[in-house]
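Please read through the structure below; I'll follow up with questions.
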Amino acid sequence: MKKIKKKVNVAVIGARFMGKAHSNAWLNVARFFDLPYEPVLKMICSRDGEDYNKNFAENWGYAEHCDDWHKAVDCKDIDIIDICTPPFLHKEITIAAVEAGKHILCEKPVAMNYHEAYEMAEAADKAGVLHYLNHNYRRVPAVALAKNIIDEGKLGEIYHWRGAYLQDWAMDASIPLTWQLTKELAGAGSHYDLASHSVDLARFLVGEVKSIQAMLKTFITERVLPGESEKGQVSVDDASFMTAEFENGAIGSFDISRMMAGRKNYNYFEVYGSKGSLVFNLENMNSLQYFNADDPQDLQGYREIPATLTGHPYMSAWWPPGHIIGYEHVFSHAVKDFLDALAGGNKIEPNLWDGVKIMQTLDAAILSDKEGRRVNVSEVK
Amino acid sequence: MKKIKKKVNVAVIGARFMGKAHSNAWLNVARFFDLPYEPVLKMICSRDGEDYNKNFAENWGYAEHCDDWHKAVDCKDIDIIDICTPPFLHKEITIAAVEAGKHILCEKPVAMNYHEAYEMAEAADKAGVLHYLNHNYRRVPAVALAKNIIDEGKLGEIYHWRGAYLQDWAMDASIPLTWQLTKELAGAGSHYDLASHSVDLARFLVGEVKSIQAMLKTFITERVLPGESEKGQVSVDDASFMTAEFENGAIGSFDISRMMAGRKNYNYFEVYGSKGSLVFNLENMNSLQYFNADDPQDLQGYREIPATLTGHPYMSAWWPPGHIIGYEHVFSHAVKDFLDALAGGNKIEPNLWDGVKIMQTLDAAILSDKEGRRVNVSEVK
Amino acid sequence: MKKIKKKVNVAVIGARFMGKAHSNAWLNVARFFDLPYEPVLKMICSRDGEDYNKNFAENWGYAEHCDDWHKAVDCKDIDIIDICTPPFLHKEITIAAVEAGKHILCEKPVAMNYHEAYEMAEAADKAGVLHYLNHNYRRVPAVALAKNIIDEGKLGEIYHWRGAYLQDWAMDASIPLTWQLTKELAGAGSHYDLASHSVDLARFLVGEVKSIQAMLKTFITERVLPGESEKGQVSVDDASFMTAEFENGAIGSFDISRMMAGRKNYNYFEVYGSKGSLVFNLENMNSLQYFNADDPQDLQGYREIPATLTGHPYMSAWWPPGHIIGYEHVFSHAVKDFLDALAGGNKIEPNLWDGVKIMQTLDAAILSDKEGRRVNVSEVK
Amino acid sequence: MKKIKKKVNVAVIGARFMGKAHSNAWLNVARFFDLPYEPVLKMICSRDGEDYNKNFAENWGYAEHCDDWHKAVDCKDIDIIDICTPPFLHKEITIAAVEAGKHILCEKPVAMNYHEAYEMAEAADKAGVLHYLNHNYRRVPAVALAKNIIDEGKLGEIYHWRGAYLQDWAMDASIPLTWQLTKELAGAGSHYDLASHSVDLARFLVGEVKSIQAMLKTFITERVLPGESEKGQVSVDDASFMTAEFENGAIGSFDISRMMAGRKNYNYFEVYGSKGSLVFNLENMNSLQYFNADDPQDLQGYREIPATLTGHPYMSAWWPPGHIIGYEHVFSHAVKDFLDALAGGNKIEPNLWDGVKIMQTLDAAILSDKEGRRVNVSEVK
């Protein structure tokens, strides 16, 4: 018989794309996974207006809705605050929330810069709460499988990382100057939005970046202000190309852009080691390519592993082998692991400290671009 | 503001793989789609025992559970009966349900043979209820897109169909003699289980089959009886290879087997016409390949369309372009269209009459295999 | 130091596509391979006219040219006759040539029907000459590798063959009624031209076909007579779809057509066994896909082997690993093996007896199509 | 009737991998293409010893052989000198040859550094001879097609280049310290050997590089001296990762390494513009991927164009559509264009001045790596 579980109350801040994806994860994770806690959708907070929030709450089954995130922080009943806002709000919400004793899920990029991230992580640790940063692609089964393969030594010594995160939506010059294209609200453009994911995966699979050099570029420099006919200056990058040396001696690249015609959500990486290599592409996220240099000489080749097989990370919860999962399932994996960590008193990765390292790397890259030189990540402090 | 919707009460019969997939669809469809009715999970019926059913009901939020499907049929409150049992029960449940005025969703294969299917369809029509047969792959966005392309005339006159449905689970000789491998419970093996899907897609995209010839084969002829050490005779096919002539003059093939090492859920087709062709593979279900013979001569080639773009069938409900959906989303599409049809007083396809045509085609193939000759589908009557 | 080699004199009959490909092979094979004989291009015979032949001879370095193949047969100096004519001439030339003691290379399809093929093979054996039938795709390195993998038992017991040979040139209704589209000159259409290759590969990799059923079809039934404005009847098939049972119990399919938009030279096969499977596509002929069911469960997947690696058949003669070969190299492999067999006094495969078996299979399929029944290959005699 | 052609006499210097590939090209180009001159293989010069040279000459039909390239330069009969030696000899041979009035084909990388390249180009122009630098991948039909697509404006404004040239042979630590791994003989490692190709393609397709930043790395720092048991220091890079800004504003990357397990000859690029994008991979060199942003919204996707179709560059000389060519055919295309330029009194590209620009770019990258800063290409002078 199913055990009666302790409930944990969740408030989600932000009710757009990420608010929807997180709500879905909180709702369906208990249907598919065996959990130590039963998550309850207690409160949705967003600045999208009363009607929007009411509908959102009804749709996803939230008990309450409000337009001010402070209410969630102040609410005694809330155990977990899940931050799905633009980056400029992350620090303020996080610090208020952890000081109120709430556990934290935070969307990426973690903050507006390295220093904000550091403050957030320190505050969370001081408060003794669980904190998780939603670089969710670590929990794509194919990526988790890649991590297992590397940890088992199957790639040997790592020589190279080749990462890319390519989209094409910013090519449309008629797109207005939304928060994503505004430095004051997003911190940076593709460099924070997309590169943060790629750097997270590189750190996950290869290790810390030691030094970096970067070229950032804005191709479309003016855009219409939202709801107006006037144009304003785009204050963030459209593209960021970087090369990096890792602490373990590997060298690698990050090609990041939102101006890549034909690429929709092409979060791609290759990892090369002395014994083999791996290739992953988020647009075909249910498979992983693996080259094993120990295969017999005449039978060597990249094999395409469908990451839907018995024994693959997270997959036993879903459907039989060969039945793929979609984009949003990965959020359920994150929520599941978060609740497990909460129950076990363990940490979870990536967390705010990973955010600190990611921002340190990305800010070193910004410095490199500005000064036209190779920058040690440790220079950012 | 969200409109208050009339509720419709659903009973699901069968609580294994399909019961889970259908429950999930009923539950999440209202979160993503705008529906005319709000489906309520009223009752789950299965013969898996009290504890199993209780857990299943709790997990998916069913108000009631029982071990006898007659209770669902007899229950006044139930509007829709969703049949997820093995095929040998489909006819009995369907006829009882429609006579009780219930609307019907029925899993595939529709029945144990052509005659059963015919009885079911007649009974449903006589009762005036809505009926839907869950050949769900029509509602994969890439397949719905294929249908649009063909209907717009972009392939011209259709010359060829090349269908395959390949799996490899039956290669494991230690798998016991479950209902899937027993003629009395499943009707046939891969020929009903998998070929029914491929024939449905061929009828959807090309048209009716006129004549057919087939070779069926059982490779592993004995298997251990479930829970016993003794072996029993496998009474169904492992593989079914067919060639077919369509009423519109196209000729095609169906390669069907559960003995194909490396194929997990490889429901694959190619359609060729005078102006272009299409290729689809369920294992990579979020894309469709399209060859346009009207492209400039030196720029012709198969293009891989990610079926996640703005304007693609069903996709606006889910995530932004480039974010893929998984296997189970297709069930949500079916449920959504079912509820729309119910509200509009329209029919939905495929329905029990499609099941009749599919079974007629499959039974013609069985006759062909038996008699070693080409059989007109109309001979089965 | 290079050894002085005995020369062998070659006459090629036919100076179009195949004449060109064979001439190139005879010319370049000695540059790349170590051969027991040095082939000398002695004579080109074709009915393309004096000027054409003279140019052809000059271009490829033939000592002589003529418009009558009997001159080659009558010429004492000629050791090898290489037949590149349309099929309706194969029997007559072959029998004359072998009776004159010439060794034979013959293009495919071997003949106009099973009986012609049988006569040819008997005559060649009686004359005691070496004979080779140019189903050259056996000597694509990736296909030779496939054969090795199967012979080493790596696929286990073979369950299935899935062959296809798809082109699209016949879709162009303005193509005139050339010999390829005329039964009296070609014997059959795609069924002889393309299916003969696919049946050869199936026999090579799986074994003999025991029984077969087929559907042949002509989509464009009338075409302009060459150089005229009048139309004539197309007397051959555009497409041939077959299912087959092999003597070893495997069942398989052959999908053959010249009406497949987007397919240029798509000679494709899949072979499935109890331990793995293989996939090959001539359009990407420098690679072979291999699925090994003995790989660790969570690392299983099709691996794409570049058939250009050290140790791969024929490849050491060409370029370093990763440097691909083209379509015509395969003819060089055939010529090399032919000369080796000649020097060693061995037979070579495929030869005219393989042609006999292929024609028996194809003619059984024609009978099946005509009579609408499954035909045992042994019925053709 | 074939016209009698003026003969041009060719001397090839170097008789290893490149000597073989060039000899084959000179020999077979006249069989497939209509040429203004008939090339005659007059002399092979190499330091591989009398026996080796004699065999090589016999095999490829050279009239003479020698061990001193000065003989070729001094020989009045020689019209063309084709330099296939390691880079450290390029300058000396080129300058001597052009001063003797010979036309020049030169293998890549052009020289040991920018200054040598500049001297060579100046000397050749001063001598008024034709010079060609063999960055042969421009003449892969798929690459030539890419160039056409870009020149026709089909990609619009170019935003991004993503180039890579990946091999894995240097991963084998037992490979001795050959000339390729010695700075004094090769100039640099992967950075000259492979990056020169990728930079050539970037200049061909996108334009000149304005500024660059690079990280070079040697992973295996000691190797056995050839034929000895002692080890020596590897003096060249194994890998070179670069980001670049182009003069037209595009930004791009070059990932270059000989330590990439599973990659044999992976010369790969992507070009992205405002209207579409292209993808090419030398390991699958007979196809080009093309994304057209002007396709109807719901039918957009990368199309894989088989670069073997009617109208594709160079392909009419070879085989029918769908029949692929191999690695060495591209050398024939170069020789063909060289002879055409010679007859027409035109220049050919790439030539030694392209070599100058490539070396300037690569040497700027070396400076960047050394000084840890972004370097303008114009700083190298």
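Residue numbering begins at 1 within each chain, and the chains themselves are lettered A, B, C and D in the order written.
Here, a residue touches a chain if its C-beta (ideal position, glycine included) is under 8 Å from a C-beta of that chain, and two chains touch if they have at least 3 such contacts.
Values in this document were obtained by computation on a predicted structure and should not be read as measured data.
Of all chains in the assembly, those touching subunit A and also subunit D are B, C.
Think of it this way: of A-D, A-B or C-D, only one pair shares over half of the B-C contact pairs by residue number, and it is A-D.
Centre-to-centre separation of subunit C and subunit D, using mean CA positions: 36 Å.
Per-chain Cα centroids separate subunit B from subunit D by 55 Å. In subunit C, the residues that reach two or more other chains under the touch definition are 263, 300-302, 306, 309.
Listed in rising order, the residues of subunit B touching subunit A in the complex are 1-2, 17, 21, 24, 27-28, 30-31, 51, 54-55, 58-60, 167, 169, 263-266, 283-286, 306, 308-309, 318-329. Contacts from subunit C toward subunit A in the complex involve residues 145, 149, 287, 289-290, 292, 295, 297-306, 309-312.
Across the interface of their complex, subunit D is touched by residues 155, 159-160, 162, 164, 168, 171, 213-215, 217, 219, 239, 241-245, 249, 251-253, 255, 257, 259-263, 272-277, 291, 293, 300-302, 372-374 of subunit A.
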